[in-house]
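After this come two complexes, each holding chain A, first together with chain B and then together with chain C.
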Partner chain A sequence: MTERIPGAFHPFVIPFLAGMLFVLGYCLVGMVRVTLELPREDRRRFLLSLITPRTLWKNIKDIFLNCLIHVNLWKRNKNLGFMHSSIAFGWFMIILLGHIEVALFLPHRIRFFYYPIFFNFFVAEADATIKGSVMMFLMDFFLLIILIGIAMAMVKRIRSRWFGMRRTTRLSLLDSIGLYSLWAIFPLRLLAESFTAHISGGSFLTIPMNWLFHQFLTTEYHILPTWWAYSIALGVFMCVLPFTRYMHIPAEMLLIPMRNAGIRVRHPRKGFAKLEYYSCPGCGVCIDACPMSVKKENLKDCTVYLNRQLRRGNERRIAEISDKCLLCGKCTAVCQVGVEGPELRVAQRERRRYAIDPDYSTVRPEVKGGSKVLYFAGCMTHLTPSVKSALSSVLETAGVEFSTMDPDGGICCGRPLMMAGRKEAADALIEKNRELILGSGCDTLLLSCPICYRVFRDSYDLPGIRVVHHSVYMDELLREGRLKINRGYECYVYHDPCELGRGCGIYDQPRHLLASAGELVEAKKNRAESICCGGSLGSLSLSFEKRRDITLASLRNLTDTEADAVVTACPLCKSTYGRYSDDTPVMDIAEVMQHKILLYENHE
Partner chain B sequence: MAKKLRKKYISSGPMPVPKWENVLVVGAGIAGLEAASQLLSLGYKVTLIDKASYAGGHVASWHKLFPDRTDASSVITGLLSSIAGATLLLSTEILSVHRLGEGFAVVLSGGETLYFKAILLATGFSLFPAEKKEEYGYGVYNQVITNSDLEQWFNEGNDPRINDRKISSVGFVHCVGSRDIKAGNPQCSKVCCITAVKQAIEIKQHFPDAEVWCFYMDLRLFGKKYEDFYISAQKDYGIHFIRGRVSEVSEAIDGEVIVKAEDTLNGRPVKIKLSLLVLMAGIISRNDIQPLAEDLSVMMDSDGFLLSRDNITGITRSQRPGIFYAGTCTGPKTIPESLAEARSAAIDIHNYLRGL
Partner chain C sequence: MIPFGFSLSPSSVTDLDKVDTRRYRELLRLEPGAATCIGCGSCSATCTSSAWTGMSVRKVILGLQRGRDVEVDAMLRGCMLCGKCTMVCPRGINTRNLILAAMRISKEDGK
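Right after this comes the complex of A and B.
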């Protein structure tokens, strides 16, 4: 092992150096800015989490698993996972091994941080020792892994279906420059190292290539141009990186610790929100996931395009995309980075100012009750009276004494206003309802609507009162033996309502109920990937005609199972499907239970 | 060319009608019956088929018809007596149709295959299934019935939903499942306004002490004597008309239903307790028409009804030669309109067959 170039410098490293310094500086400034933009208490919490050993360890683990190994992508599709982790992890290993090489053989050169990158140019006979040849082998090995990944990435551009993606994003101009320079880096590195292999040494990849080239190239003049090209490719990539989707690489490394510290979107454009939309890798997994994508005209309204427009500051499109979304949360469920599309959109909606603020001071409902269980039906259940009567009858059978909070009209739970970004107006409702609930003397608040359930659970301060959804409550009654049913031969398919499943994480209790009532079959897309029924209150601008195709596609996912009935646990899903389901009945889970209880009682 | 056309279509003098030419009429409702009778008198052999086990379609189950409160049964009896020479096949469906030369080979559910020179579709409509508007509580509350249920009660008088309780107040909800984008039917059902006025008067005659309320979006009283009927409902029967849609219906403890609506003329919400609520379910396209339409390669319009060649001059003509329409298969219509269309379709078929 000897140093070939005295002074350890050559002008070709300048493009790389410039790019590297630029991107490091940019990211450092960005990091400080984002942290400073956080509200004071959030910033404190974040900085504290960085010195807490438990979160620190979690941060390191999450960054390794998400940024390098891409575990979430592996779960989604093996090819997609391999492609990403081969490039990310392979590149990381090449950089790491490069530094180890320098540290092992030429420790005094480690302070030139271009040195590990262009190691083979600067040294001669690096593979002369066992240690050296092992290192060379590893370098070639990881370069090969990356090259396979790059080849797969090229195939993906043409055949995205092989990677589990039907549609992928359309690249912007800068994204294309970033993409092509990234693709160029590794083949150029292979060329450069191969041309130099007879001097620096190499391994199974570079030495045969070197031999091959020497069969028809006899001069040494091509060595330097390839190293220049390699350095320029690196420099170009790093110079455009902050303005392309590849910004997600550094951004995600900050996003993960902030999320682990419990920071949430508080401002539409600053702090955590900015970090989220810069962390979007633009992969387009959310395009296929978005329920609106059944209509081609809505393809550019999914979260990946919201993030792009937020970065560009295109206000017209930001407002359009934010208002259209159903807020079903499926993009977040499938996103490998975990960009919270719905939260970002609601934050944008909050910017809108309304001329008239609602005044609820004249609303004075009272709760007649006194029972320990207080049932709040909410407006959607009032519009589907069969759900209300079924649940009442189930509760009576189980001997649950309950009073109804809104038998003859009541106050809205506040969730629709929250979704519309009118947090202050929603807070007024929440405060009114809170007084009523606390004054009623109940210890359990029962909801039959997941939209209400979510807001009562997350946004109400109700000390000592358990907030429970009727599917969970009925499941408990069944497990306690207070409800008696016989398992029948009916075949049910369960639709996970967005607000109950992805919103509140309740997937198993309704399934247990249905599996006790009959045969439960699963739709192709279920649980966290269940498709919004299209009736969501989340969208401010989708018309009923436009929602029709969403509902039909979502219903098809359920009826393809050929179940006897589609069962859901949300009155809004039920009425939305009911409108279009001509052959398969659509039922609320309470109706199934009521039916089963009647059968049991008649049988006894 | 002109001469040839003239010879083909406007040949002078009476032209002998070939007696062996068969025409199939699909649907034995009023349009089908009327068209069949006209075709018979023009000298054709007519086969009339219907899915149902009775002839007369929707009108057969109706009690009285607006605006003169004519007996529905007398209309049907009259029509039935005029189709004496036709072959009437009830409980019969078309299994498949194939175009054969200038006509059609039709396989019927009875197993027979028949050959027809022309087909007239008089397949009619479906009533909107009111349980789909669950907020109105049809199928959930016993106090909620539809316009069709009420006619049946007028006819038979044995509906426990009406008989088992004291009727002190009755509400009519207009436009249930029609002019309703949410329900997927943006079209106006055309006959419900006047039917509601008629039924409100009839209810008032049955229960003179009851208060009767109609909740409407618009009143579309376009036909002969409709307006008189409406004025009479207010002046002579004291029926209340409230402009505004019903938002939801719930049950009160005393067995009545509470109806919440908006009174858009007064600009305030209203809440009324009623002992009976009648939903004016609208006319919608038949959901079982699509397979037949595909078999015949006729197209469907965006509203689900069959697509006419032209909505002004060719409403009874399909896009395909030899296939004609009559009645509500192309959209909501009143009885006189359907009958007039049936006659016009018969003439259309006659001219078509003469020109072959």
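Right after this comes the complex of A and C.
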């Protein structure tokens, strides 16, 4: 091993060097700015988490698994996972191995940080020793892996279906420049290293290529141009990176530790929110997932476009996209980065100023308590009285003594206001309900509406009171033997309501209930990927007609199973589906239980 | 004046030729569905808030058409956005959007 170039410098490294310094400086400033934009207590929390060994280890592990290996993409589609991790992990290994090479053979050169990147240009006979040839082999190996990944990325542009995607995003001009320069980097590296392989040495890729070129080219004339081209491709990529979707690479590296520290979206554009929308690589997985995308006109309202418009600061589109979304949370469930589309949108809605603010000072609901179990039906259950009566009769059968908090209609739980971005008004209602509940002397608050359940569970301060959804409560009654039913031959398909499933993580108890009542079949899209019924209160601007196609598509997912009944655990889903389901009855899980109890009692 | 124990109430007649309907027209721009209301009153009957605040989407639409901004604003303040009115409206009007839009355009903007 010898150094071929005295002084260890050649002008061709300048484009790379400029790009590198620019991107490093840019990211560093960006990181500091985002951290400074956090509210004070969040910043403290974040900085503390960085010096806590447990979170530190978790950060390293998560960054490795998410940014380099892309585990979440592997789970979605093997081809997609391989494509991304081959490029990311391969590139990382080439950089790492480059540094190891320099550290092993020319340790005094390690401080030139272009040296490991262009190692093969500066040295001669690097493969003369065993150690050297092993390193050369590894370099060629990972280069090959990356090249396969790049080839797959090219195929994906034409045949996205092979990667499990029906729709991909359209690229902007800068994104295209970034993409093509990224694609160019590795083939150019292969060429450059091949042309110098007879001097620097090489391995199974570069040496045969060098031999081949020797047959018809004078390789010496090609050495410099290709190294220049390689360096320019790197420089261009790094210079445009901050203005393209590739900004997701550095952004995600900061997003992961912040999320691990428990930081949440607090401001529509600053701090964590900014990090989230910059962390989106625009993979487009959320387009197919979004229930709104059954209509072509809604395609550009998915989270990937929200992120893009937030980066561009297009206020008109941001408002439009934010108001349309159902807040069903499915985009977050499928997103590899975990961009919280619904939270980002609610934060935008909170920015809006109104001429008139709510005032509930005349609203004085009364408490109708007395029992240990307090049942809050909520607005939507009042609109579907069969749910309320079914649950009441189930509770009576089980011998549960309960009182209804709002027998003649109470006030709203506050979640719809919260979703509309009117947080102060929501807090006023929350405080009113909270006083009622605390004053009632109950120890269990029972809800039959997942929308209510979520807000009572997450946003109410109710010390000593258990907040429980009726599906979970009935499941407990069944397991304790307080409810008796016979398993029948009916075939049920269960719809996971967004707020109960993705919102609160309750998937199994309703399924257990149904499996005890009859045969439970699963829809193609279920659990975390269940499709919103389209009735969600989350959307502000979707009109009745525009929701119809969403509901029909979601219903089809359920009725394709040819089940005898569609069962849900949310009064809003029930009435939304009920409107369009002509052949298959739509039932609340409490109605199924009531029916089975009646059958059992008649049979005895 | 001799106290009779009662008085004449002011006339509640609205002269439609003199009403300033700019706020209503602005509402129609933001939520065109408002024009399709048939005044059936389903929304009022089901309203979560009406018992305490007198809120009624039907009356809000009517009030804006007649320029009765003070009454409208008082009603709007009581809405909890629960969405029951949307669920029952036979014309499928997006009443929540209507309410939010009406809250956005104040009397000053309309004028």
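We take it that the second predicted complex is superposed on the first by the 603 of 604 C-alpha atoms of A that agree within 3 Å, B and C clash if a C-alpha of one lies under 4 Å from a C-alpha of the other, contacts with A are read in each partner's own complex, and residues count from 1 in each chain.
The rule we apply is simple: a residue touches a chain if its C-beta (ideal position, glycine included) is under 8 Å from a C-beta of that chain, and two chains touch if they have at least 3 such contacts.
Just so you know, these numbers come straight off a predicted model, no measurement behind them.
Looking at the shared chain after the overlay, A:Y580 reaches chain B, while chain C stays out of its contact range. When the shared chain is aligned, chain C comes close enough to touch A:L542, but chain B does not. Once the two complexes are overlaid on the shared chain, A:L429 sits against chain C while remaining clear of chain B.
By the touch criterion stated above, A:A420 is placed in contact with chain C alone, chain B being left untouched.
Taking chain B and chain C in turn and counting the residues of chain A each one touches, the greater count comes from C. Using the contact criterion defined above for the overlaid structures, shared-chain residue A:S386 touches chain B, although it does not reach chain C.
In the superposition on chain A, contact of A:G409 is made with both chain B and chain C. In the overlay built on the shared chain, the residue A:T362 is in contact with chain C alone; chain B does not reach it. In the superposition on chain A, contact of A:Y354 is made with chain C only, not with chain B. Chain A residues in contact with chain B (one complex) as well as with chain C (other complex) are 382-383, 409, 543-545, 575.
By the touch criterion stated above, chain A contacts chain B in their complex at residues 382-386, 389, 407-409, 543-545, 548, 575, 578-580, 582. Partner chain A is touched in their complex by these residues of chain C: 33, 46, 48-49, 51-53, 73, 76-84, 86-89, 92-94, 96-97, 100, 102-109.
Listing the residues of chain B that touch chain A in their complex gives 132, 134-135, 137, 139-141, 181-184, 248-251, 258, 260, 287. The residues of chain A lying in touch with chain C in their complex are 352, 354-360, 362-365, 379-380, 382-383, 409-412, 414, 416-417, 420, 422, 425, 429, 535, 537, 540-545, 572, 575.
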